[in-house]
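Report on one structure; see the data block that follows.
So that you can tell them apart, the chains are marked A, B, C and D in the order they are listed, and the count of residues begins at 1 in each.
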Amino acid sequence: MKDWQIKLHTIIFEADTRAGKLFDVVLLWAILISVLLVMGESVKGLRIEYGRFFHIAEWFFTILFTLEYILRLICVHKPIKYIFSFYGIIDLLSIIPTYLALFFIDTRSLRVIRSLRLLRVFRVLKLGRFVKESDLLMEALKNSRYRITVFLFAVLAVTSIMGTVMYLVESPETGFTSIPRSIYWAIVTLTTVGFGDIAPQSDLGQFIASIVMVLGYAIIAIPTGIITGEVIKSTDTSNINTQVCINCQHDKHDTDAKYCKMCGTEL
Amino acid sequence: MKDWQIKLHTIIFEADTRAGKLFDVVLLWAILISVLLVMGESVKGLRIEYGRFFHIAEWFFTILFTLEYILRLICVHKPIKYIFSFYGIIDLLSIIPTYLALFFIDTRSLRVIRSLRLLRVFRVLKLGRFVKESDLLMEALKNSRYRITVFLFAVLAVTSIMGTVMYLVESPETGFTSIPRSIYWAIVTLTTVGFGDIAPQSDLGQFIASIVMVLGYAIIAIPTGIITGEVIKSTDTSNINTQVCINCQHDKHDTDAKYCKMCGTEL
Amino acid sequence: MKDWQIKLHTIIFEADTRAGKLFDVVLLWAILISVLLVMGESVKGLRIEYGRFFHIAEWFFTILFTLEYILRLICVHKPIKYIFSFYGIIDLLSIIPTYLALFFIDTRSLRVIRSLRLLRVFRVLKLGRFVKESDLLMEALKNSRYRITVFLFAVLAVTSIMGTVMYLVESPETGFTSIPRSIYWAIVTLTTVGFGDIAPQSDLGQFIASIVMVLGYAIIAIPTGIITGEVIKSTDTSNINTQVCINCQHDKHDTDAKYCKMCGTEL
Amino acid sequence: MKDWQIKLHTIIFEADTRAGKLFDVVLLWAILISVLLVMGESVKGLRIEYGRFFHIAEWFFTILFTLEYILRLICVHKPIKYIFSFYGIIDLLSIIPTYLALFFIDTRSLRVIRSLRLLRVFRVLKLGRFVKESDLLMEALKNSRYRITVFLFAVLAVTSIMGTVMYLVESPETGFTSIPRSIYWAIVTLTTVGFGDIAPQSDLGQFIASIVMVLGYAIIAIPTGIITGEVIKSTDTSNINTQVCINCQHDKHDTDAKYCKMCGTEL
């Protein structure tokens, strides 16, 4: 690997140097502005009036991201591995749609392809300062995956039973036409979404619905409790370093500690 | 009890051996696929096109689960106790509906019976890795049952009062036709479900509704706080070591404990 | 105060003796059944068919609660203070409506009076085992009252601004007819209730609504964080007693500790 | 700076003296009453009947707040800095609208200007007892800003993808007329708001909607976990003592610290 490749790698993949930081900030703004442009373009009034501007801006950002993608390919050690990594695919998906749009004329396909450009927002998670935080959240979610699964099965079981009960209690005219649709209503209600397209009309139906709602209102505490517990645990350990005092063997020093808080020896 | 019964028991009820783990994984996938099939069958379009496939798959899984049920009966120490235990009933309920469906022709009853097969999802909670997690959640809920009850009574009281106030303030034309229906509306609103089938129209009614909503938005913090507290406490295994007192067999000592807190013996 | 009064006081106001526990359990069931009856009576179908049964049951519970109220008055030290205390008023309000209903014939007033009987649910909070828990929750709420107030003002400010913005953006035809009504919509949306009686139709309106929703979705974390913090703090201290070891001065022993965990001295 | 200015400063900006406390309480009530009056005035029925009263009360409070604004300008050290500070602007915005209303006749502009008076609620956050609490909440939010940003990007990404999927699955007749509108629906659903103006009708659409709802129901746990963690950490003053190192002036030492963790000096 040549010298300029290593230098480029430092700028693009690390955020410790001044050039690296600048690169991150420029990229962050480029991503945000391009996402806002994609959103703005979808507002009909704006598209008609500023269509030409959106077109130019879109190509500007696509070429910018294409250049960045090529630079990344040049300076990574294993380009193939990068291309098929999660972020490599996201990087590719955020530039391809604009090129693809040249070959499609069908409006529906075009709209789907254009909306794919919104995947660019994922690129932000790759930038220096967010990596640590998103890793931390991912860690918390991973640690609580079995508990969350148990919770999801419980929700599924409760909504299945409640939905079936509502199907038997309510008349089909109020929207409870079948068991799956009643289960759908139970999910809408338990999660406190409450569209209101299907709603109980009978007294007994409203009574059962009340139970489902209060249940949903209380059950939401369970995933919150699980994830809060994980976040607190992961935050706790990140503030305490693993250094042990050479004089008194005391550990659990704060990360910013320079001297042992028990005997005053330098760490 | 014979030797092959003990061996079978190890495979079916424990997850420590390789065969036991494999059994658990196979069963997990069988449950998930069969539940998805039950759900898929209820989608009208799929039922018409792939009805024959659903029929065969259903009988395949029912026979599989029946075999498993018989094997469990054979190898447990007290079959009667197992049959009437919570999981024994669930196991039975997840195979019976398919057989029952042979004797019923009435569409409505059939649908209810068929939907009972969804109870199979509960079987997942029995599988090795989920037992510990679901026990932990159950423990957290059990520890906070009095607090949750107090909370539910408070919700009931608030919605009763607010519902009655709305009944007096709003005209019956907007849906507040009776006090119980107004209480139903208050529950719908306080739990932030908000169907919208009943909604205040007068200025004063909307003002009171705003209070109910903000109240509900803040009150949800209470069960969350309670359960989060419990979950954190139960997860906090890092403060309790696994030492057992040699004198009084008491466990659950703090990590920094040097003497048993129950009998004073050195640990 | 005579001897039988003290004995009566122990039974009614304390839950330590067997008689006191029995009294609490009987009262709990009496309250729950009478509340269910009040609810059941309001269901039209049940009222018509079982009207006579509801009438008799209502008078049974009213006389029971009246007797209990008189007994309480007899055995408390300061009857006047009890009458005007929070629970004294609740006790009175849960028996008066039935008597008042004799003098009113107007259906509307009658319904309001009858619904007042639902206030009986508050009586449960007075029973032995719930007192500690409801005190704990009240304590947590009281400790966080300034923070909750700050939060409520912030919600009020955000909804005022967002409501006004929506009034300017959306046309009156979609329901945003005035600023207060738009603020009402903002509260409905921020608290994630979402009735749907007023909903934005324009692209810009839906974009702003999305911001309000995501804001509300994230803001709900604030009261939850505040109250969870308080609940955890109050639970923590209730598990640690205030005893200090006479030998080594170590404190923070668990409530069930009999010997000092640091030196083994009896506490 | 003269003596009476310093005295005035103590009364207006500090809450330690009796006069300062009195000033805070009077101002708190003046703000609350004036905000309630602004709200009350917007209720049509009240405005017509008590219009004259509202008019007089409005001018009373405006003159009161104007006087207070002038007094603040007189006694602060740097008036210019105060005028352009956050609270200086809020103070000005809460008195200007009433004066401006004299020059506008157009009803629409007038209503906007009048509603600006609601910004007065922000003034409460400046009062003694709330400053500490709102600072604490702000601190918690500031500390978790990167994590919250990551969370918001994740929500944005999930809703973009789910919205696009729904656009492809559902027919335009049910309200999913375009991708942005479908993303709007996904946000409405994921945040559990659920207006119901757009709702899936097909079986597959309702199945996907169920996934979005359960996802939203579980995802809400993430910001809650993040902010709860921060609030608990910031409340956890019991672990940090108030000792300041005599050598290096470092504070925030743990309660059990015996030596300064920064320079090793004995505390």
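Miscellaneous remarks
Convention: a residue touches a chain if its C-beta (ideal position, glycine included) is under 8 Å from a C-beta of that chain, and two chains touch if they have at least 3 such contacts.
The shown structure was predicted, so the numbers you read here are calculated from the model rather than taken from an experiment.
Mostly differing positions are employed by subunit C and subunit D in their mutual contact, as under half of the interface residue numbers are shared between these two copies.
By residue number, more than half of the contact pairs of A-B reappear in one of the listed pairs B-C, B-D or A-C, namely B-C. Centre-to-centre spacing of subunit A and subunit D amounts to 26 Å, using the average Cα coordinate of each chain.
One simple way to say how far apart two chains are is to compare their mean CA positions; for subunit C and subunit D this gives 27 Å. Distance between chain centres (mean CA atoms), subunit B to subunit D: 38 Å. Contact of a single residue of subunit C with at least two other chains is seen at positions 39, 43, 151, 180, 192-196, 203, 207, 216, 220, 224, 226, 228-229, 232. In terms of which chains touch, the assembly is arranged so that all chains touch all other chains.
Taken in their complex, subunit D has these residues touching subunit A: 146-147, 149-151, 153-154, 156-157, 160-161, 164, 167-168, 178-180, 189, 192-196, 199, 203, 206-207, 209-210, 213-214, 216-218, 220-222, 224-226, 228-229, 232-233, 253-254, 256-266. The part of subunit B that touches subunit D in the complex is made up of residues 39, 43-45, 192-196, 203-204, 207, 224, 228. The residues of subunit D lying in touch with subunit C in their complex are 39, 42-43, 111-112, 115-116, 118-119, 121-122, 124-125, 129-130, 132-134, 136-137, 140, 148, 151-152, 155, 180-181, 184, 187-188, 190-197, 216, 220, 223-224, 226-232, 235.
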